[in-house]
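Below you'll find a set of structures to go through.
Two complexes are shown next, each including chain A; its partner changes from chain B in the first to chain C in the second.
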Partner chain A sequence: MRSRKKCSFISRNKERKGRRLTGGRLVYLTFLLPSLGGVCFFVLLPFGDVVRRSFVTAMTGEFNGLENYKTVLVNQAFLLAVGNTLRFVAVCIPLLLAGGLLLALAMNKIPVLAYAKSGFLLPQAIPAATIVLVWKLIFEKQGFLNGMLHTGIDFMDGRAAFWVLVGTYLWKNLGYTMVLWMAALKTVPEDVLEAARVDGAGSVTCFVRVTLPCLKGAAYTIGLLSLLNAMKVFREVYLIGGAYPAKEIYLLQHVFNNWYTRLDFDKMAAGAVLAAAVLGTGAFLMERRLWAEE
Partner chain B sequence: MEIRMGNRGKRAAAVCGRMLITAGVLFLVFLFLLPVLLLISGSLADTMEWRDRLAPLLTDGEGFISWRWIPDYPTGEHFKQLLFYSPGFLKLFWNSVGMVTVILLGELAVGVPAAWAFAAFPFRGRRVLFFLYVVLLLLPFQVTQLSQYLALRELHLLNTRLAVILPAVFSTYPVFLIYRSFAGIPRELLEAARIDGAGEWRIFAQIGLPLAKGGILAAFVLSFLENWNRMEEPLAFLEDKSLWPLSLYLPEISLNQAGTAACASLITLTVSLFVFGLFRDSLEQGIIAGAVKG
Partner chain C sequence: MRSYQRGKGKTALVLFLAAVLFTGTLAGCGGGTSDGAGTDGPEQEPVFGDGTAQTAMGRYTETELSLTENGQYQDFCQLLAGEGELYIPAYNSAGVRVGLEDFALKEEPDEELYPEALKTRSEEQDYLMDMAVADNNARMYTVFVSEGESGQESFYYDKYFLSADKTERLWADAVDKDTSVDFRYGGDGWFYVSDSWGKEDTRFYRVSAQSGETEYLCELEGSVIYFTICGNILFADMGDGIHMYDLEQKQEMEKDTVLCDFIGSDSRYSNGSMAFSYLLCSGKDDSIYVVSQKGLYRHVLYGGVMEQLIDGSLCSLGDISKMFIDMYVEESENGMPVFYLLYDTAELMRFAYDPDMPSVPDTVVTVYSLYECDNVRRVISGWQKKRPDVYVSYEVGLSGSDGVTKDDALKNLATRLAAGEGPDILILDDLPYASYKEKGVLADLGDVYEKLQAEHGYFDNIISALRDSGKLYCLPMSFVVPVLTGEAEDLKKIDSVESMIQAIRKKEVPAGTFKAGLRDEESVLQCLSFSMGQSLVREDGTLDREKLERFLELAKELYEADRENMSPEQLENQQLILQSFGSLDAQMRNRQGYYMSKKAGTLLQVNLSFGRKSGFTMGNLEGDIRYGFNDFYTLVQMQGHDYTVLPGEGKTCLPISMFGLSSASASPEAAKEFLQYALSDYLMETEHIDGISINRDALLKNEENPERDEAGNPSYEPYSYQAFSIQDGGRFEFEVAWCQPEVYESFNALLDGLDNVNLCDQMVIGTVLEEGVAAVNGSKSIEETADAIEKKMQLYLAE
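After this line comes the complex of A and B, so read on.
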């Protein structure tokens, strides 16, 4: 038995059916155009201008070839930020996915825990500025945590800051991820699990051989949303550390933000094109894999 | 006899395991809720007590910040101060309310039909366009900041409320979330309605909207949280502080007024929590409908 896998960004099987039946051919435009028009106007067209700007000098507007890109790619701050951002994503997303899944399994196994679900979802609703206030009280050199441990570590600086950031991200997103996993777990066919058990598979074997493969489709969606939320963590870092935080948590967004305040529009344009290209390629590869699976 | 003993041992181990997991999860929830508890107790402590507690931090002295769960002299002075004697705070509060309301109404008018277009019409280029929407939602604000700035400058919208509202209305995030609920509606239903001669907008209003209610509501709760806590856009595009939303009030308060800050945090948070609590169930179901079934 094969569970139905619907994991692409958009499902394919709707493509052919019903093409003849939809009223006029262009009715869909009345639904789509307001949104598409706005997106074109506020994002696509101006982004086209940004692409143009990435090839010219900021001051005079002369054609500059790939000079801006070269400047960006050897920029120490940019490279540091790329490294940090990649490291952050590489650490956070696996941790979040695994943690959320474990929690979801626990929740499914022990029904009483359902009452705790809201507690996990709550951090999602807490504003960034609030988090910053509380984090200061907890993680300052003279904060509660140091008071409790009788140490004098500045958790907002150095390597510790990176882990505080990871913790913040997990704290914010674990509940959401858990709910998604719980829903995905419900789609695992019970009869297959039962059959495996009858054949003598232990609970670990069942999990690895039956449950995990069934969750693959959901994992892509959950991963995508986790990535999206990882990009939003900048808000907290910025409020805690300002424009130039500890170098371990100097993220890509800091670079962009500092370029923006210094009106370095040429570098910013080149950087934006690069970032969009990388994220777009990543999303494209993921989409391709999803299609291949379907 | 031996077998029964073995069973009993196993069962005892299982019960122990469950209790351990339950305890672990409950401890985790407690940790997750700690910041909110800190805020509540902090908002009730009077200014003197705060000064006392924060003394090590404020005077750069030795020792750690101290904490008592229940303030020595619980007081509502900060709440009174903020709600009745701080016109600035109230102004920002209503700014936020107004801005978020307009954004949500805009998303309802623009994003929901767009999601329907992707879900119900197999038009040419649908896949490419949807992929584009996904990439746009992945781009962090800092990457599109320059293009947004250019568009807003061209339209002379900088430093007006519309500078924050319009780009938010055309965000592709709600389209992505709502699409998945629409896509879950059986195709046959729409075709039957079409054969019966129902117009496309009627199908949308009478079949699409009611069936995807949960998912739409969930998308709007998430969108509310996102917009209520929005900081980067207003900070970048609104110079006039009287236009600022509430989320920017907090970072302006120093630790000297920690009590007021805790209070302002709590008020900001309460609005989120209210919405969150009101729609908790639909949020959960909507997340599920959106991410897994789609």
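After this line comes the complex of A and C, so read on.
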């Protein structure tokens, strides 16, 4: 009797689960609704409009087919900006991820350093305008660095400018990335590490075979955040070099900014769609690969 | 069951919270309506229950009365109320009387009001300053006295009291003769005096209009900018706010912070000739009236608000070219007084309340310019007088007071244009004209020009050069012409930049003189860019490297030729002048844009004022006839020169105040009417604009000599005297007379012969001016400089 009751409860529960699942989903959806609505309203809908604009002329709104895309894909300024942005990302992200992780490991190994954790976040709190001012004082032709080296190199122009920018980005974001890695390192199961050590694995083997695989999920998030921060570096470049900085640090946002000023909305929309497609595809593939491996 | 109900309750709560959160999110970012900050547009009209907008009624309207005599200004000093009339005394005449009822000039000025002593001074051409007149016709004034030989003179100020019985006596009771003073009549039987100008502190006195007795009042810290008497209070603007002194209690009162804040930047200048940028006048009870370019306001002393009665942007008050001399308020029974305002342009305005006029005009036309444009301000002021039913809202992208950069301003404008909420009229100076034209932002003005041509003659040679595939996307209000001055024989041999440089090299001038008066690298580049700048960029948008190198070569040659006669020591000595002139010119360029710098007249003055008779001078010929061309031609003659168009890519001119009509204009008809007014009626009515009028008929009208001799024939005697202090302590002075008709004929022929309009890209020119300096002075090679320019321009042109 009791077991029958139990069974009937289970079956009723199953039955209800089927119906209630919809109600549960509704609750989740309701929780999601504000942010989902915000994303739709402020991101997806405007982006939809950008996609529409990429097929029409800038001010008159006449259908222009793929002309805008063709114009953008042969535009030397756009291609240069894309190249520079990709180069910047390709150099900065690995350096940042590796540097942050090394620092985080060092922090874990040397407890005294943990006291300096907050100090690493300080660059994040300094306003961009201040950073730029200091950077100018240091790197300009008449700056401190040239004074010390007795040289007359304009580090804000030419190839050196790119590396100054890379340095700025790393200096600003390394502490934040390190904190993220430290949080991720705490999620690595200690018993698995212990088991590996018992099996005779050294520290390097433990790190490569146990710690790193456990950090994959975090790596994706940290990588994505670093990528987004890399896109924000435009603020510093704009303050250093204005709308037309040295060729080497002319980024994608420069070309969009200047097109906007001259009402080249058609080119801007096409460029934005292309950039979004590349970034979106990259992120999607990276995510797919990570999920597949897991 | 209870658990199920609890579950339902939780779901409902969650749904409710989510709804609140979602609504809050959207509400926080909702469209809403603009609070109007940063714009001077009219307020929204109230909408009533039936959904129709009901217009609020009642507004002050203005009536103008010109006080000029035979087209000549009289130097009026004050408004004085009499029986049903206003008496407006002048320095060198009896003045005029205006009836309050009919607001018209009385037939004959009352000679009785013009004391003999003043007549004599006028005949002896004494220079009278700062006059105040009392109700009983007693007067106080200053006579400026200059003694000694020209260039070595000493100056002082004799102050006089002229009693009601017309006895003149020197007033030296309190102030020595080296000190200049300001006089005001307080309307209470007393003259008020401040010993102002250049003193660390200012003392105030009052002098009885009856007896001439002097009474010391007070001393205030600082130099007085403006003072007046309203009721029993002396208001004095000492630069740090308005000080108030109680004339009954004989003590300084606490400052009225609302009044001080309101006056703010308006207090910072007066033109030094008893005309001011704002005025105060007493009102009923404890109130005062304040008039400035912002409008006319009523303020109760120590009250918290400034109540606007008249919006300056809707009438002549907003005209920046006018300053105020005096105001008279005639209180009325309905509580809306009539205001009489005397401008320094010899115009008397009457502002009377009209209850039948909509408080805010129904139609609004928005005009946008990147820089503050004096021409546009003047046109708007004239338009508002003529068409009070159409409000013109003027927006300036770079006001200079809010830290907005050019890039920011252009982006803001782009956002508005993209949203279809852009201005109706764009002043295209320094805006990306080519891009706007290509994107369809600008409407074709062909029909507007056709209508204009039906009424007046225009410089069609210039307008035609602006046409693009038969369409006309901009109409300039005026233009400047880059000119070269030199001896007539030398000018005949010049037909290109190369031959000009050759002529400059051959020219013999005294040692220590710049041969072409150019002085520095940037001046050389700038002058050449006026006539050659446009060709540096090809039609396909790429930089013409060959032409750029040639441009730099020519600039270098010109620079070297200019300073051939200067030793290193002499160049060193010139450094200070170069810096101060360069900074003045840069200020002009920053304020009014590239085209308004390097004025030929100013350059000639600089040359002559230092006794340097350079072989040639080059710069922009701009300005109206009376204050522009006549001054320029006088200076050209003083130098023994003639003038011609600066050689380069054709006979070039630079358009200024270029009007463009937005293709998305909300009020296209009103905007077109405004354009027509600006280029037709306004130019025909005015004689003072920046640049040479595009309306040829208006120019011809302004060339007609208004000066008359005693027999009423055209006079060619000097009408203007100008003097400047120069570095060695001496003075440079010259007199300007109206030119002979043949001078204007040859000027008109030069203008008719212009065939090229320079619409060079400011970004390109800016880079050439910046980088080109190194090539011109030889610190870098031509190739290196061209590389640097190309490198800088590469991105811009590639976009």
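Just so it is clear, the second predicted complex is superposed on the first by the 240 of 294 C-alpha atoms of A that agree within 3 Å, B and C clash if a C-alpha of one lies under 4 Å from a C-alpha of the other, contacts with A are read in each partner's own complex, and residues count from 1 in each chain.
As a working rule, contacts are C-beta pairs under 8 Å (C-beta built on N, C-alpha and C of every residue); 3 or more make two chains touch, one makes a residue touch a chain.
Just so it is clear, the model here is predicted, and its values are computed rather than measured.
Asker: Considering only touches as defined above, state whether A:A160 meets chain B (first), chain C (second), both or neither.
Answerer: In the superposition, A:A160 contacts neither chain B nor chain C.
Asker: Touching A:Y260 in the superposition: chain B (first), chain C (second), both, neither?
Answerer: Both partners.
Asker: Which partner, chain B or chain C, touches the larger number of chain A residues?
Answerer: B
Asker: Of the partners chain B and chain C, which touch A:I110 in the superposed model: first, second, both, neither?
Answerer: First partner only, chain B.
Asker: Does the superposition put A:Y244 against chain B (first), chain C (second), both, or neither?
Answerer: second
Asker: Using the touch definition from the top, say if A:A125 reaches chain B (first), chain C (second), both or neither.
Answerer: First partner only.
Asker: Go through the superposed model and pick first if A:L80 touches only chain B, second if only chain C, both, or neither.
Answerer: After superposing on A, A:L80 lies in contact with chain C but is clear of chain B.
Asker: Does chain B (first) or chain C (second) touch A:V50, or do both, or does neither?
Answerer: first
Asker: Give one of first, second, both or neither to describe whether A:A195 is in contact with chain B, with chain C, with both, or with none.
Answerer: Neither partner.
Asker: Taking the superposition on A as described, I'd like to know which of chain B and chain C A:V91 touches: first, second, both or neither.
Answerer: So A:V91 meets neither chain B nor chain C here.
Asker: Mind sorting out which residues of chain A both chain B and chain C touch, each in its own complex?
Answerer: 23, 27, 30-31, 34, 38, 41-42, 257, 260, 265
Asker: In their complex, what parts of chain A are in touch with chain C?
Answerer: 23, 26-27, 30-31, 33-34, 37-38, 41-42, 57-60, 75-78, 80, 242-244, 247, 250, 254-255, 257-265
Asker: Could you please specify the touching residues of chain A with respect to chain B in the complex?
Answerer: 6, 9-11, 14-19, 21-23, 27-32, 34-36, 38-39, 41-43, 45-47, 49-50, 53, 103, 106-107, 109-110, 112-113, 116-134, 136-138, 140, 142-144, 146-147, 171, 174-176, 179-180, 182-184, 187, 218, 221-222, 224-225, 227-228, 231-232, 234-235, 239, 252-253, 256-257, 260, 265, 268-269, 271-272, 275-276, 279-280, 283-284, 287
Asker: For a test of understanding, state which residues of chain B touch chain A in their complex under the given definition.
Answerer: 18, 21-22, 24-26, 28-29, 32-33, 35-36, 38-39, 42, 56-57, 63-67, 109-111, 113-114, 116-123, 126-127, 129-131, 133-151, 154, 166-167, 169-170, 172, 175, 179, 183, 187, 190-191, 194-195, 199-201, 204, 225, 228-229, 231-232, 236, 247-251, 255, 258, 261-262, 265-266, 268-269, 272-273, 275-276, 280, 283-284, 287-288, 291-294
Asker: Show me the residue ranges of chain C that touch chain A in the complex, using the header's touch definition.
Answerer: Against chain A, chain C makes touches at 11, 14-15, 18, 21-22, 25-26, 29, 407, 410-411, 414, 417-418, 432, 435-436, 439-441, 663, 791-792, 794-796, 798-799.
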